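Shared chain: chain A. Partners: chain B in the first complex, chain C in the second.
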Partner chain A sequence: MLTGAYVPGRSVVHRAPAGAKLAVLAVACTALVFARTPLWVGVAGAVVVALYVLARVGRRAAWGQLRPLRWLVVVLMVIQVLVADLPTAVTLTARLVLAVALAALVTLTTRTTDLMAALERGLRPFRRLGVDPARVSLLMSLALRSVPVVAGIAGRIREARWARGRERSVRAFAVPLVVGVLRHADAMGEALQARGLDD
Partner chain B sequence: MAGRSRLPAGDLARIAAFAAFIAVLGLPGSFHLFGNAVPVTLQSMGPLLAGAILGSRRGALSVLLFLGLVAAGLPLLAGGRGGLGVFAGPSVGYLIGFVVSAFLVGLIVERSGRRPGVHWVLVACLAGSAATLAIGIPVQSAVTGVPLAETFQLSLAFVPGDAAKAVFAALVASGAQRAYPDAAPAARLDRAEDRADRA
Partner chain C sequence: MIEVDGVTHRYGDRTVLRSVSVTLTEQRVGVIGANGSGKSTFARLLNGLVLPTTGSVTVDGLSTRGRSGAEVRRSVGFVFTDPDAQILMPTVAEDVAFGLRGLPPSSVASRVAEALSSFGLDGHADHPAHLLSGGQKQLLALCSVLVTEPKVLVCDEPTTLLDLRNTRRILALLADLPQRVVLVTHDLDAVLAMDRVLVFDEGRIVFDGVPAAAVDFYVDLASR
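Right after this comes the complex of A and B.
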């Protein structure tokens, strides 16, 4: 049903703990902000390519993560060449692509469940502020479970609309959908209450 | 995930269901304008509807939850995008803007009584859309290195569509609130207080 972009593998990058990868990613993205010369951006690019080779996720998976950027890169290059000069344009654009590529590598090499568990652990220090990590993971699984349910509600409403003869009104679709989502939510809330969540 | 008090089960369920609803709005083929001719994703309506129906705090939490699932690697953003790469890319400001806009919409709708008039919901949704742009554009400018004025000009193309989506979201939210009285944040609050009084 719903799967992330995870590419199974046994490389060093895959086996590194999710929390560590997230920490490295945060540091690397900050460091990239300070890479202002073509030399440093080149070094950063070499490191990112080396990590992709090390992780062996395959070219198709890597391209799948970067593809949404392709038009933006073109537009960015054109604008920056116009307002600045070519080296600046290349440096700025490459920095952006590298940050996205690095973040995508974490996504490609880490299971969704591991990332969620790392997030839950990361929220522990916020317990003092009233954030309950157990409730956060309950929320995440409830939301995941609700995606196919809501998609199903949308499908039923669409079929009903077709049966009535191809109505054009989007509102006649969206209002019942929102009401359906609320009914589903409130039924789910009662089920949680019945299981003693509020006690 | 509560502030000082723990969120009751009913609120948890609504937050989770709306996070799923925002995800479904971005699924391909879930929403089509004008028959099937123009596929338009209406995902950016999600935060507006979440705020208008769940209220400020719960609306913002449902958007945060949706973003949490995206960060965990699920391809739930419009166009099947997902993963940490999105948060390193130029659209991160719009994603943060979604959270703020849900909060703002909720705040305005909450203040307008248990049966909010269409005009208030409309004002709220337009303000929410504006907030998304007000945060998204400067962040996009900072991430891409394109000067603010140029980024602003590029984003002008999206303003008519966003305004139309805000109007549409307001119509759908008021329609849902008429069909399901519990869909207004203030009405639900009143009812919860009634229940607490009786107990």
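Right after this comes the complex of A and C.
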């Protein structure tokens, strides 16, 4: 989820400024909190679907963003049905899914660079409080870039553990993972330095 | 001109380079030697990633130590073995653009496009970097370093993780560069195209000369 999700395109949604998209996202998520009846949730759902159609990102890409939520949705539904009733369960879960779908739409239609630039601008007022906007946005980009790398490290460890018949050992997973991640962080620091970014 | 003068380097109490002195003026310098002989440490000295415990390193008259260090790092590009660790941004074009921070956006865009097309990566500009193959990732790493127009390029085993085809591609790219190149490698064929080759052993330069003689010396050393 999130990483490298950008689907190039020239739709209205793509061309909207990143800052505006982030602002709309914030307002929409707040509005979703107040959409408590199935009718309003239905309306919100229709709007989100319309936005996806408008953005033409394709069903595959959209599903790719929402798929990680599927188990959470099941668990939430079950719990809500047990503690409340079915309509409550549906509206509550749907609101969560819609909020995530909207956030995903922003990442699908906006380059990370543009998002980071918007974030940097948005953070400027906080400079007085000691926040360095450029640094925050760089850290976010590095974090985004690290997700697939760490996932790759985890995958290789899982295979190595499997190859040695220790597929259930938590230690044989956690220890090399921590070592691998630290080594990656180290190498990344060196690469940053080599590219002229001294901290 | 790169001048390494009386450099000894220690990690903790372990000495990995022992009074190394060498002056490099050639366009193409190869570095070979056994695992752990100090090649990577030597390479890292050249752009100030590692500062010598004693002695000094200067590139075109600028010391890697102190205030001129940042300028040395800017003028000496570095390509590491593992492309995953040196690609810093989520997408291909963003990674190339990273080295151009501070330039006006329009000129960044045109330079990125130009660099990507000269590396045959233009079709991948908006692709997530982690979906590239190993060879393409290393091409991207090289591209991202070269776009900043360094005067010297230091490569520490840039082809170790690549297949034959990608190895040849990277070596051909390196061969055509206008920049001075220092290439650390275990690929003895690659080293034959250099102007000068250093052989490292246990933290010392034990041979320094033309490629064919250096390779012979190294092969001899390894079979002792």
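Observations
By definition in this document, the second predicted complex is superposed on the first by the 129 of 199 C-alpha atoms of A that agree within 3 Å, B and C clash if a C-alpha of one lies under 4 Å from a C-alpha of the other, contacts with A are read in each partner's own complex, and residues count from 1 in each chain.
Here is the rule we go by: a contact is a pair of C-beta atoms (placed from the backbone, for glycine too) under 8 Å apart; a residue touches a chain by one contact, two chains touch by 3 or more.
None of the values given here were measured: they were computed from a predicted structure.
Using the contact criterion defined above for the overlaid structures, shared-chain residue A:M77 touches neither chain B nor chain C, since it reaches no partner. Of the two partner chains placed around the shared chain by superposition, chain C is the only one that A:P8 touches, whereas chain B remains out of contact.
With both structures placed on the common chain, the touch criterion links A:H184 to chain B and to chain C. Using the contact criterion defined above for the overlaid structures, shared-chain residue A:L54 touches neither chain B nor chain C, since it reaches no partner. Ranking chain B and chain C by residues of chain A touched puts B first.
Once the two complexes are laid over each other on the shared chain, residue contacts for A:V150 go to chain B alone; chain C is not touched.
Of the two partner chains placed around the shared chain by superposition, neither chain B nor chain C is touched by A:V24.
Chain A residues 3-6, 112, 142, 144-145, 149, 184, 188, 190-193, 198 lie at the interface with chain B in one structure and with chain C in the other. Across the complex, chain B is touched by residues 2-6, 22, 25, 29, 65-66, 68-69, 72, 75-76, 79-80, 83, 88, 92, 95-96, 99-104, 106-108, 110, 112, 115-116, 119, 130-132, 135-136, 138-140, 142-147, 149-151, 154, 166, 168, 170-171, 173-179, 181-186, 188-193, 197-198 of chain A.
Residues 1-21, 23-24, 27, 30-31, 33-35, 49, 53, 65-66, 68-69, 71-76, 79, 81-90, 143-147, 150, 154, 168, 171-173, 175-176, 179-180, 182-183 of chain B are the ones touching chain A in the complex. Residues 47, 49, 70, 73-74, 77-78, 80, 82, 84-91, 94, 97-99, 126-131, 144-145, 148 of chain C are the ones that touch chain A when the two sit in their complex. In the complex of the two chains, the chain A residues touching chain C come out as 3-6, 8, 111-113, 141-142, 144-145, 148-149, 152, 184, 187-188, 190-196, 198.
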